[in-house]
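Presented below is the structure to which this report refers.
To keep things simple, chains are lettered A, B, C and D as they appear, and every chain counts its residues starting from 1.
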């Protein structure tokens, strides 16, 4: 990273992710980076964003960043709190949620996500990760999915070691074949740029690079031969308000 | 009816039904006669009786008789009110309820119940009745079922016109064959006496007659050749407390 | 979106729709049912676990082609005479019925709300209900081999429910006996909610169900909109009206007189309400 | 029945049981978990959607033979090191795992609570989770022919949950994020509930779940019983403790020292609490 501007690559990533959300959306929010980005969005350009967390807090507006998916602040500020079975069966499963906002330990060329194990052998993993949580059904049933993850050859791999959550499977037509109702990942936002599935092949393609980042730097941080759009754009920098909101949330 | 005592046959029936309930039971209460009887029980010998109504009111203790299955008084005095899907799926279906307390428009030799249509042709009935409501699953899934109904050859028939709720099917072994988890009807209490299924054939058998009623009178009010226990007992008369509680509930 | 009741019915309920006016013996959307009669809507498939007086009125007025239900009666009083007349004599129009148990109907709504095509339950086994409809089947548990009953999801075109309150953003709050109201709203393509009052802020109430405005198509203010039924915390049921209905509904002419004076005669009142 | 915590664990939890200490990031039954460690229970099949610090501790202490779960981590901090050590190195005893998604686990509890052998959902399709367990299958909708995912009911021997309050009759009240607590209690053969306090009367609270005493085997008073997690309305989460756990749990000896001083060293305090 060679940026010399007065924001970090992580801030660029989070603000870009926040901008993917609009005020009329319902968003199923994962903890960590997705939660930070959604909470920036609701405080800037998307005041109507309807956030739901898998703990059953519907329409929540925490006044600080929740520490976990089930932080008390989420319940206190929610339109309503429902049971965990209800959030999955009545709210996520029928496709009511516009955007699922996920992180990823590993992600591949077709935006399949691994949060289960690193290594080839499930029963004897190199690294045991937390597991699926809500992600498989968020990825399956939201109208679309946005992924936020730091880019490196360790995380962005040719094929994930374990498919925890299906992105575009092995390419075009796979989601339809599997009967998955949502459109799957439509954007992957990293600390270096923005990737989107190619409309015909569904392979992740670099469509935007963050200011100060070169396409070669993104390629070097990708574990496969990264396709690049004909004319990748440069991501718009965070503005003052976005940065101040983000920093007040993260106390940085 | 030739009774000259200071209570009516209906009062005898209701008090006898009430006595079938004990203080440690959970009882799924149908509206009408079952509700009256359960409310007598809870005010006399069964103060701990846990009453649930299909409207989702669990552990309710109405201070007057509810007008309907979903009367406001049931919600106000309940331990908790749950949704209708929950009352059927979480509370009735797993066999948590000791006694289902049902009425019947028609009942047959094997205590099968009809509350759907009178007449042979479902699509062109002689009389259209209200239908099933919660009864089929109450009859299937409560640990046992108690039926309360006024006895006549119109109501007590050889075979019901329509099986809305299964009693003992066509006899011994039928419930097991159907996979029904509860024991089915264990008592039928009428304005004339008490019938219980024969332990081996499951056919309803007169085991007790109310004071002042003869066995022949009960036979005459039954639409099949009624089996009678070797020595039918005489039902114990209502006591003063039972009658005064019942009358205060029904304003009679 | 907050609309007058007549506009809400006009915009969201159409001839031929499958419509569920729910309310398990509480918060029954009577005012909305009367507005459907006034607007002369017809050929409806009416869905409800417990069709009672307002469905008897809609059936008697000829709104319904079909009824999907599990218990039809005048609660605490007796039978529904307009319902009987339609089934037994086809008056004023023939009424097709599809009949279930409460457990079956509740699970059909649950499946509809959950976005799956069916639900499983322990129900109907051994009853004659099974032979009367194709909408009851069996499935085998892939783990134990046990056979269970299946019922198909129900997804009405329109759900209509009554609630105590809504806020100006269209969030709806109801409490007391809340029945299958959440499920029918989530199962339906559109939802119209009548409320006792629209308020600035929905103070939380123990036992409440909150329907977020995202799943509510429109809210119409209709104070007393459940009468002669009741609205917990607002007014009690008029038992007399239920008893009176037994008399009125027994006779076709008496019923038609009632319809003229009590429903068609109250158009303006209802609009102003 | 109200009992001291140690008696409750002794009476209702046995070696080899399937035990679910639930709590979806709230009302986590930490005190009960520590008592299980103190009593040296072993060979347990532990069930929980979100095994976190207290399960890491129980696994590190060697209580568990198997873990059935859907997300195992130190929430907001990172990984569970005792869990990893057990899976990757079999320390202190090998840990078998059976892994699901949240939607799958939630539905397994729902099926368990409902007395049916399985539940259907739209889930797992296309994932590698399916190949790792026989506890995920498919069923075909008898109405539409559509294929759906099935998961088997889970019915633990014992459910252990923490709640804000119980009354002297053993009715339990909890609120805030209530997760799958109702379902796990209804799905289990026995239930032990620890509570912040036993009170004379349970004043209704918006959003509450009430567990009637009929489905609660025993209640034990355990003030602060969720610490370092939180109890809505009573105390907040100690984020520091979660961060400290990361350090303590990385090292076997550090962990064992913690176990000696913080769990085994507090037997008498816990009893008096």
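Convention: a contact is a pair of C-beta atoms (placed from the backbone, for glycine too) under 8 Å apart; a residue touches a chain by one contact, two chains touch by 3 or more.
Remember, it's a predicted structure, so these values are computed and weren't measured experimentally.
Comparing the chain pairs A-C and B-C, the larger number of C-beta pairs in contact belongs to B-C. Note on chain placement: the centre of subunit C and the centre of subunit D lie 40 Å apart, centres being C-alpha means.
Distance between subunit A and subunit D, defined via averaged C-alpha coordinates, is recorded as 28 Å. Looking at subunit D, one finds that residues 115-116, 121-122, 146, 182-183, 207 touch two or more other chains. With touch defined as above, residues shared between interfaces to two or more other chains in subunit A number as follows: 80, 89, 93, 141, 181. Here the chains touching each other pair up as A-C, A-D, B-C, B-D, C-D.
Residues of subunit B that touch subunit D in their complex: 26, 50, 58-59, 79-80, 89-90, 93-96, 141. Here subunit D touches subunit A in the complex through residues 24-26, 49-50, 69-73, 75-76, 79-80, 83-84, 87-88, 99-103, 106-107, 109-110, 121-129, 132, 146-147, 176-180, 182-183, 207, 209, 230, 232, 236-237, 239, going by the rule given at the top. Residues 115-122, 135, 137-144, 146, 148, 150, 152, 204-208 of subunit C are the ones that touch subunit D when the two sit in their complex. Residues of subunit D that touch subunit B in their complex: 113-116, 171, 182-183, 186, 210, 212, 214-215.
Those residues of subunit A that touch subunit D in the complex are listed here as 31, 54-57, 67-72, 74-75, 80-81, 83-85, 88-89, 92-93, 116, 122, 124-125, 127-137, 140-141, 162-166, 169, 174, 178-181.
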